[in-house]
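Structures for review follow.
Look for chain A in each of the two complexes below; its partner is chain B in the first and chain C in the second.
Showing the complex of A and B:
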C-alpha cells in the first residue's frame, strides 16, 4: 500500500504509477508503448489522458486495470499494487472501453445488466433497483426489454457505461468513452460522467481520449501523452495559459494540395497542424509562433506558392495547441504516422 | 477461498449458467438443426449395420454414441471455442477485470451447456429408440446414471481445460475445435466400439486418452448389454481419474494462460 499524507490522514492515491515501462514484441522490432510513465491521480479527480493514436493510452489503462503487466516500474490503484494485488484492485474499479459492447446479444439490456451485476455479487434486489435507476438516468429505460443485438450503437454504449457504474466503483476507467457516438449522445455521456464523479464525492475517473474538447470540458487535470511519454500534466486551464506569450494563427487556404511543411524548422515557429478537406478543396492551417511578425514571413512564402488565402484569424489556445507546442505537430498527421507502424 | 468468496463465485457461476439457459431457450430454431442432422447420421450407420447383419446391439451402440456426441459437440463449441468468441465481443475483458474466479465462469458455462444439451440428447435418444426399435436393457439404473454423470463430468472438465488453453488464441481455437470433432468421434467409438477386439491396439491406446471412450463403453454395457457395476468398475475408476486430474489442470492452465496473456499483451484484441 502506498499513501499520501494529507490533512485527512493517511490516504492512498487513487492511482499512482512510477516509471512504468511497457514493451511489446513488435513484428519487426520491439515497440515501447509506455516509456517511464509516472503520474498520480487523487481521489475525486477526473483525469484525462490525451494523445494521438498509438500514444499508449490503452496500454496504460490495461496495466492499471490488471489486464496487462508492466515490463518495469510499479503501478498502484486504490493503494494496491496492480501486479501483486490484482484481486484487490479489481474490487474497487471498473473499466468501460468505448467502441466495444460486451454482453450477450440474445439477452435484453436489463438481463445483461443483471448478469454483470452478479460478477460483483450484488444482491439481486439491490441489483434490480440499481439497474432501474441507471437506465432511467442514462435515458434508455424504454429499451430495457430490447435485445442487446437490436440496440443502436449509442444505446449499446449507454448500456456499457451503465455496466461500468453498476458495481459502484471508486475508480472508473474509461477508454475513449465517446468513440463513434454522435455529438448529442457524447455530450450527454460526458456530463453524466462528470455528474457521477461529483455525486460520488470520492469517485475518481481516468479517461483516455483523442478529442481535445472532451479532455478540456471534463477533466480536472490532463496528461498529454505521445509515443509512450507523458509530455505535460496539469489542469487544462494552466496548460493553455502557459501558451499565452505565443501567438496562434489559423488560416483557411484554397486547394487541398497546399502544403505547410515548409514551416517546420523555421525560426520562431513552435509548431503547426493542417487539416485537409477534400469536399471544399481547402486546407486549414494552424501555426504557433513566438511573434506575430513571423506569420508575415509565412504569408509571403505562401504567396510565392500561389496559394489563395481565404481567411486568417488569431485564435485562443486550446489543448491541441498545447500538444502542438510540445510535439511541433498536430494530431492529424500523427494519425497518419501511427498507421504505418 | 473464504466462505463469502465461495458464495460470490457460485453466484457468478449461476449467473453465467442462467445466460446459457436464456440464450438456448430463445433460439429454438437451433434445436431442429441439432436434432434432425444427428438422427439422419445415426440412421445411416444403423442401416449399414443392418445390411451387413451386425449383431442387433450395434444399432444400440450407435444410438448411445449419437446421444453422447451431442455433449461432445457442446464441449467443443460451447466450451473450448467459447473464450475466443467472448474475447471478440469484449466479454473476456469484463470477466478478467471483475473480482471473480475464472473457474466460476467456466463452471457456469459447463453446467448451462450441459442442461441445454440434455434436451437435445434425450430427443436424439428417444427418436433413435423409437425409429430403429433398439432394445434397451438397463438392469442397474443407478449404475447407468452414475456412469453417465461421470462421463459428463469428465467431458466438461476436458472442455474447461481446452477453454483455458485456447484463451489466448483467435481463430486457431475455432479450427482446433473442428479438427477435434471428427477424429474424436472415430477414436472414442461413436459409431462402433473401439474397445472391441477387432480394433488395432494403437487405436485403442489413443482412444483411451479420451474420457468419452470410457464413458461410451460403460454406458453401452449397462444400457444395451444389460451388464452391471461389476462389469464397469474399471470405467468408473477411469472416469473419476479423468475428473480428478482434469479439473485442477484446467485451473492451472487458466492461471497460466492469464499470466502469459498479461505478460505478452494477448488477453484482449482491442489494440489491433
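Showing the complex of A and C:
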C-alpha cells in the first residue's frame, strides 16, 4: 500500500499514476494509447478526464479499474498497486460506463441489482434495503420488475449507476456516464453523482467525458488529455482564467462549405474550432487570437470565400477553449483526425 | 475472500444459469425439450444396438448395459462442457457483463464454478429422466432387458465417483474458459471437439481396449475412462474389477486436470488483462 505524508497525516491518494504508458498492438504498427500519464486524485475529489474520442480516457480507466495492465509505469488506487494488488483495488472501486448494457437483459432491474449485490458479498437484508433505496433515489422503482432489455436508454443508465453504487465504493469510476442520454436525464444523473460524492465525504469520483459542460459543472479538477498525454490539470476556473489575456470570437457563417483551415499558422491565432450543420447549411466557427485586430484579417479572408457572415460575438473562455489553446484545434477536428488515422 | 461471498456468488451463478437456460421458451415447451433431449440421445444408441443385434443375429444384454450406462452418464460431460464453453462468450459479447463480474470481490472463478454447477444440476435431471425413461422404453417397450438391480447399487461409491468426475469435468471446463477468454473464434466448436474426444477415447460406447495402442494411451490419461468404469461397476458389480486402483487413477488424473485447468485459466486471465480482452467487444 502506498501512502502520502500530508497535513492530514499518513494517508494514500485516492488515485495516483506515475508515468503510465500503454501500447496496443496496431494493425500495422504499435499504437501508444497513454504516454507517461502522471496524475494524483485526492480523497473526496471529483476529478474529470476531458478529451476527444481516442484520447486515452477509457484506457486509463481500464488500467485503474484493473481491467487492463499498463505497459510500463505504476498506478495506485486507494493506495493499492493496480497490477499487483488488483483484488484489493476491486474491494474499494466501482465502474459505471455509459452506453453499455448494465446487466442481463433477461433479468428484471431488481434481479440484476440483487445478482450483483450478492457478488459484492452484501448480506441479504442490507442488499434488499440498498436496492430499494437506490431504485427510489434514482427514480426507477416503478420499473423494478421490468426486464432490463425492455428499459429505455435513460433507465438502463440509472440501473447501471445503481449497480455501481451498490457496493458503496470509496472510488467511483465513471466512463462517459451520460453518453447518449437526453438533457434532463443527464442533468439528473450529474446532480445525483455530485450529491453522492458530497454525502459520502470521502467518496472520490474519476469521470471521463468529452462533454465540456459536464466537466465544468461537476469537477473539482480537470485533466485535459489528448493522444495519450496529459496537457493540463487544474480546476476548471483556473484553467479558464489562464486564457483571460486572449480573445475568443465566435462566428456563424452561411454555407456548410465554409472552410476555416486557412487560419492555421496565421500569426496571432492560437487555435480554432468549427462545427458544420448540414440541416441549417451553416458553419459555426470559434477562434482564439492574441489580439482582436487579428480577427479582422480572418474576416477579410472569409469574404473571399463568398460566405455570408450571420453573427459575430466575443465569448468567455470555456474548457473547450482551454483545449483549443493547448492543441490548436477543437474536439470535432481532433476526433475527425483520429478517425482518419 | 470471505467464504460467505464465495457461497453467495456460487448460489447466484447457479440461479442465473437456470434463468439463461430457460429464458428462450415458455415453460411447457421448455419442459418438453428438457424431457426429449436426453432420451433422444439414448434412443439413437438403443437403435444402433438393435440394428447391430439384428445384423449379428444375437442380442448381448451386457453390451447394451455398457452402452446404456456410458451414454447416460456422459451427459455430465456434455452439459458441463457446453455451459463452460459458452458462458465466457455469452457474458462478454452478448450480455456485456463479464467485466463487471470480473471486478466484483466474488471473483470470476467462483462465478464460473456456479454456472458449471447449474450444468451439473441439468445433467442430473437428464440422467434421472434417461434412466427412468430408458427402462420404460427399452425394457418394457422394446424387450431389451436392463440388468440393473436397482436396490443393490453401490450408492456410496457412485456418489464419490460422481463427485470426483464432476470436479474433473469442471477443471477441463476451466481450460475451455481460458481458451475462450483469449479467443472468440472457437466457442461454438470447442465444446464439440472436447466432448467428441472424450466420447471416442473415454470408453463411452466401446471398451478402450478395442482402441489401437496409441488410442489406449490417450484413454488411460483421461479421467472419464476411470469415471465410467467405476460408475458401471457401482451399477453392475462385475467380478474382477479393481475398484481401489481405478479410484486411485481417477484421483490422480483429477489432480492433474485441476492443476492444468487452473494454470491455463490463470495464464489466460493474465493475458486477457495484458491484452485488454476482458471487455472485448465483438462484431458480427
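One rule holds in what follows: the second predicted complex is superposed on the first by the 339 of 341 C-alpha atoms of A that agree within 3 Å, B and C clash if a C-alpha of one lies under 4 Å from a C-alpha of the other, contacts with A are read in each partner's own complex, and residues count from 1 in each chain.
The criterion applied here is as follows: a contact is a pair of C-beta atoms (placed from the backbone, for glycine too) under 8 Å apart; a residue touches a chain by one contact, two chains touch by 3 or more.
What you see is a predicted model, and the numbers here were worked out from it, not measured in a lab.
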- Message: Using the superposition on chain A, tell me whether chain B and chain C clash or fit.
- Response: clash
- Who does A:185 touch here: chain B (first), chain C (second), both, or neither? neither
- Item | Partner chain(s) touched by A:17 [first = chain B, second = chain C, both, neither] | neither
- Message: Taking the superposition on A as described, I'd like to know which of chain B and chain C A:121 touches: first, second, both or neither.
- Response: both
- Query: Taking the superposition as given, does A:283 touch the first partner, chain B, the second, chain C, both, or neither?
  - Reply: neither
- Query: Regarding the shared-chain residue A:68, is it in contact with chain B (first), chain C (second), both, or neither?
  - Reply: both
- Go through the superposed model and pick first if A:93 touches only chain B, second if only chain C, both, or neither. both
- Return the residues of chain A at which the contacts from chain B and from chain C coincide. 24-25, 62, 65-69, 87, 90-91, 93-95, 100-101, 103-104, 106-107, 111, 114-116, 118-121, 163
- Contacts from chain A onto chain B in the complex sit at residues 22, 24-25, 58-59, 62, 65-69, 87, 90-91, 93-95, 97, 100-104, 106-107, 111, 114-116, 118-121, 163, 175
- Task: Show which residues of chain A lie in contact with chain C when the two form their complex.
- Result: 24-25, 62, 65-69, 86-87, 90-91, 93-95, 100-101, 103-107, 111, 114-116, 118-121, 123, 163, 167
- In their complex, what parts of chain C are in touch with chain A? 1-2, 4-5, 8-9, 11-12, 15-16, 19-20, 23, 95-97, 99-107, 111, 273-276, 278-279
- Per the touch rule above, chain B residues touching chain A in the complex are 7-8, 11-12, 14-16, 18-19, 22-23, 26-27, 89-91, 93-100, 262-265, 267-268, 270-271
